[in-house]
C-alpha cells in the first residue's frame, strides 16, 4: 500500500499559530508572482530546440550533483547511476534513487523533489522501492508529451526571465535561436570568463588561443587580452546579458600597476603558472572586470570559496563537477580591498557577493554591503540553499545590511524542473522571517508585505538590471 | 493620513504564549532598574555645560554612523547629510533620512529610533517622507526646552552611572567640571590609550611628545613612556575611571624581555614603524597594561578585530570613523596566551573581552572565560548589538561560560538619546532567553528572576567595579 | 525550607504545544532503548574490580573538569577542591560546589547533575548551601551499597556496550579481567596511540622504548615502529576494540613518500622534534593509521582542534587535563586531502570526524561527509555537547550530510554516573529537531520515528561496527 504524497499548504512556515497566520498571508501575496531567475545553469539548448527531455533518470538524477553526491557518500557507485557517460540502465539507476530516498530526509533535495513529483508530474504517492517503477514510467511518459517540452514548462512555471551562464568561447547560438524564434520566453546569458581568466583551468593556454579567434583580438599580449574581454562582453550584452559571473577559489582582488599586470600575464599565458601567479592573476582580473563593468554596466557576481574537484580519484575518472566541491574559509575584508580602493566609490558599479562561508555573513559581508554603495549580497548559496541556510542568511545579515542591500533570491541550478520549488522554499522562508519581525512588533504588517514582494521579485530585477 | 507609531509592550519577547508569559514577568521585574552604562562614547561636554542639543539632524543623524552608513550604502552622498563639517541644510538631511527610513527595517537602528521618537519625544506617527517636517520641528523644538537638556535627560533616563572614553591627552576638564557642579549625575571616564599605544595612529610621534607634556614623564625612552602611562592612569582613576579600553586590530599580546621591549619602543617611537613592529608593540602594550591593572586595579577592556577606515576614498575625504570599519576574523587562543601566561593566575586582574567575530563565541571566548579567573565576556558588540546578535551571544556562550562570566550589558554608543532603548532591547532579549530556559525546565522561575537582575544591573556593576 | 528537585517529563522538548506533542511521542519511542556508548573515558578498573565508588566529591567533582573549570573561573582555588592529589576535605569541597551551584545555570552540567541527583540517587531537593551536607551524606552512603557498584549501575543504566580509551602501552588487564568474569557487561577498549604518535607528548622517546617492549617490535626504525602499531592494534582488536581514536591539535594529514616518512621518523624519534616536524609526523601518522584501518577494519576517530593545557601556570602545578584545553580554528578541507587522495575511494574505510570549531559544520564537514563514502560526522563534541550545541549540529549538518552520514550520539565522558543523562539530553534534542521537521511538513511522522531510533541507537552501532 503506497503512502500518499501531498504538499501541505503550510509547509516551511513558522509553527507558532499566530506567527504562522501572519506568514500565511504574506506568502499568499507573493506565491503567484512571476519567477525571476537571474543566475543559473540551465541549458539554453533546451529552449532553443524545445526537444523533449529524456527519461526520469536522465532529467532528474544524472545532472543533479546534490543527488548523486549523497548516494555516493553512502557507498553507491557513480557508474551504477550512469554518471558522465558511464552506461547504466536508467530504470535501474532510478530504482537505486528510490531505494535510498530516505537518505534525503531533512535535506532541501527532498523538498525540491517532492514538489517536482507532486506539482510538476501530479504523482500522489511517496517515492520508495515499491513505487520506483510507477514513478519512472509516469515521469518518462509525461516527458514525451507537449506539455513537458522545455518552453511549455517555462511558460507554465511563470518564468519572467532566466539567465544561463556561458563562457567567452561559447557561440551563443542557442540564445540567438531563441531570440529569433516566435516563442516569447526571455532566456538571457551571463558572461562567465573563468576558462580564460583562471590560469589553472584545464586547457587555459588553448582557451586563450580560441579567445583570440572568437574575439578577433590578439590574446598573446595583455592589451589584446583585455580587448578580447571587452569585445566578448559586448557580444554577450548584445545577446541579452546583464551580468558577469566569477567563480574563484578565493575573493582575492589585486590592483597592480599596468606594467606588473602585463608581466604577470606574460608569465601565466602559457598555462604553466605557479599557484601564486595564478591566484594573483585571478585577483587582478576581478579588478579588471570591475573596470569593464564601470564602462559597460554589466552587474558583477563573485562566487568565491569553493575548493573544486576535491576528490582526486573521482576527478580522474569522471572529470569536473561531480559533487566533490568543498567550501573553504573565505576572507572578504582584506581580499576585496584592492578592488574597493579603486572602485568602491563608483556609484554605477554593482557587485553581488556570494559566500560558502557563513561565518562571513555577520562579520564581513553584511558590514561591507551595509556600507559600500557598489556591494550587494547574493542569497544563501549552494550548500546553504536550504530552509536552515536561508534562515541563517536573514538572521545574520539583516541587522547590519538590512533587506535592501540583498538581492532577493536566485536559484543557481541546472535542475530546471525544480526551479519553482526553490523559489517556493525561498518565499516561504522569507515570509516566515518577516512574520517573525511582525510578531515581535519590529515592523508593521504593511511593511512586511512590501518586503515580501521585494524579496520575492523586485530586488532581483533591480539588482540584476533586468 | 500618517500611520500611528506605538511601542508594543511585548515587543521582542518570545512569540509562544507560555514562554512570552514567563518573559513578561521577568521583564517587568527589571524594566525599571537604573541604567549602568560602563562603556560608551557620549561627550562629557554635554553634562559639563548642560547646553541644549541642536536640531534633530545634528543630534540624531550626524553622529550616528549606523544611520549614515546605511544611507551611504544605497548611494546617498555623505555631503548631503552634513557629515564631517560638510555644509548641508539639516532639514533637507532629515528629509533624506525620512524618505529612506524603510532601509532600516529589520535593523536595530529602527528599534532604537522608534523608541527615541515615541518615548523620548512623544511622537505618535511613523517617520516617512510625509511626516519628516513634523518630526524635524517637534524634535528640534523640544530640544530647546529645559526637559531636554543633557542633565535632565540623564536624570529622566534613570542613569546611575555612565562612563565616557578619553585618551591620555585629554584634559578631563569636563569631568572635573561635572564633579565640581551641584548636579549629582555620575559621569566617569575610561582610559583609552590607543593614540599613544598604536604606532599606526595618526600623529603617533606627536602624541608621544604631548604625552610627555601632560604626564611630566619623558616619553622618549621606554621607562619614561611606561611611567607616563602609570601617571595618566592615576589621573584618570582620580577622575573616577574604573577601567581602561583598548581597540586593537587584533587580540595579539606579547611578553618580550625588557631589553627587547625597549628596543622595540625605540624603533616605533618616531612614528615610522613597520607593520610588524606596530603589531608587536600593540601586543606588548596589552601585557604592559595588564601589569599596570594588577597594580592599580583598573578593569581592562579589549575590543579587537575591527579593520578601521576600510574605505580609502571616504577616509581621504571625511577622515576616521565614517561607518567604514569592517570586522575581521579574530584569534584569541594563541593571541592572548603571552598575556595569560604571565598574568592568567592573578586573581585581582579583570579583563573584559569583546569580539566582532562571532565564530569565536563558542569556540574560543566561552571556553577561555569559562576557565581563566581574570577573563569575562563583554556583551554582543557593535554590529552584533541587535536582537539577533544578543540571542546568538547567549546561545553560544552560556553553555560553556555560564552567565556569571559575562558582564551583563553595555551600550557602547555615542547616541545618548537611545541609551535606554538599547538597554531595553538587551533586557527584553535576555528575559526572553531566560524564559526559554524556564520553559524547557532547565532552571526554576526564581533563578531566572535572579539572573534577569544580574544581567540587567548587577553583573555590570561588579565587573566594572562601580 | 529546601526547594524541591524534580525532572519535568517535557524538559528540553520544544515549547510550541503542537511540536512538543510530536516530540513527546518520538521521545517516548526511544527513551528506553539501550545505551550504546562507543567513545568515552570511563575507567575499566571500575568494571574489572567492581569496587565501590568513594564519596560524592571523589566521584562527581574531582574527575569532572566541566565542574572545576567553572569554579576555577570564578576565583575558587583547585587546591580547595582536592584536584590532582592536593589534599582537601571532601565534604568542604562539596560545600564549595553547592554554594556555587548557581554558576551552572544554563549549562549542560546543571542538566546532567540534576539528573544524577534525582534519578541516580533519588534526591528530591535542590543543591544549595543548605542542602550540601544532605547531598554529601546521601550520595556517599548510597555509594557504599551494592546497588551503586559499577557493574550494578552499568546494568541498571541499560548500557549495551561501552568503549573505554587506552594507549598502546596499556596492558588491557582490566578488559581481560572483565572478559574472564562471570559478569555479562560489554566493556571494550579503543586504540588511542597519541602518546606514541605525537612527538610533543610528554615522554615521547621513552614511550617509544616501552612500545618496543610491549609490542616486541623494534621501534628504533620506521618499519619496526609501524609494525608495532600493527601488532598493538591486533592486540586491542582481540580485546574487543572496534575503533581507534586520534586527538591531534589539527586535522592535518600527510602522505609522504616512504623515504621521507622514514627520515621524518628518524628526526622525531629522539623526542626533540621541531614543532613543524612534530606536526608533519602526526599528519603522516593519520594516513598510516588509515592504511592500517583499511587492513584491519578498525573504525578511525579523529578529534582535532584542541589547544591542550593552555594555562601555563596550572599545567606546571597540576599537570594535564585540568580544564584548560581551548578549541582553535580548524581546517578540514586542505588538511584531510592527502589522506583522502590516497584512501578516499576505499569503501571499507570508516573515519568519524569530530570538531570543536562549529564554523566547519556547514562549510566543511557536512560537505565532506555528504560526499566521501569513508567519512561520517561524530556528534557535537565537548564544549558543544549541550542542548544548544546539539541543535546547532543538526541545524548545520543535516541539510548537506543528511542524518545517515552522522553517527548518532556518543557521550565522551569520564563521568560515568551521568552517561544516561547525556543520552537523555541527546535523545530529547534530536526528537525535538525531528518534531520540527514533521511540524514543517518536511518529513512524515513515521519517518521521524525511524530516524529517532537511528539517532538514538542504530547509527552508533553501525558506525562503530558494534
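Labels for the chains are A, B and C, by order of writing; each one numbers its residues from 1.
As a working rule, a residue touches a chain if its C-beta (ideal position, glycine included) is under 8 Å from a C-beta of that chain, and two chains touch if they have at least 3 such contacts.
Chain labels with UniProt names: A, B, C = Uronate isomerase.
As the structure is a computational prediction, the values presented were derived from the model and not from experiment.
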Query raised in the report: Looking at which chains touch, is this a line, ring, star, complete or other?
Result: complete
Query raised in the report: Copies chain B (Uronate isomerase) and chain C (Uronate isomerase) touch; is their interface built from the same residue numbers (over half shared) or different ones?
Result: different
Query - Degree value of the rotation bringing chain A (Uronate isomerase) onto chain C (Uronate isomerase), based on Cα positions, nearest 5 - result: 120
Query raised in the report: Between chain B (Uronate isomerase) and chain C (Uronate isomerase), what's the gap in Å when you average each chain's C-alpha atoms?
Result: 40
Query - chain C (Uronate isomerase), residues touching no fewer than two other chains - result: 16, 329, 359
Report summary line: The residues of chain B (Uronate isomerase) that touch chain C (Uronate isomerase) in their complex are 16, 18-19, 331, 333-334, 337, 340-341, 344-345, 347, 359, 362-364, 366-373, 375, 395-396, 398-405, 436-437, 439-444, 446-447, 450-451
Requested in this report: Using the touch definition up top, name the residues of chain A (Uronate isomerase) that touch chain C (Uronate isomerase) in the complex.
Outcome: 3, 7-8, 10-13, 15-16, 69-70, 72-75, 102-108, 110-111, 126, 307, 310-314, 323-329, 356-359, 383-384, 386-389
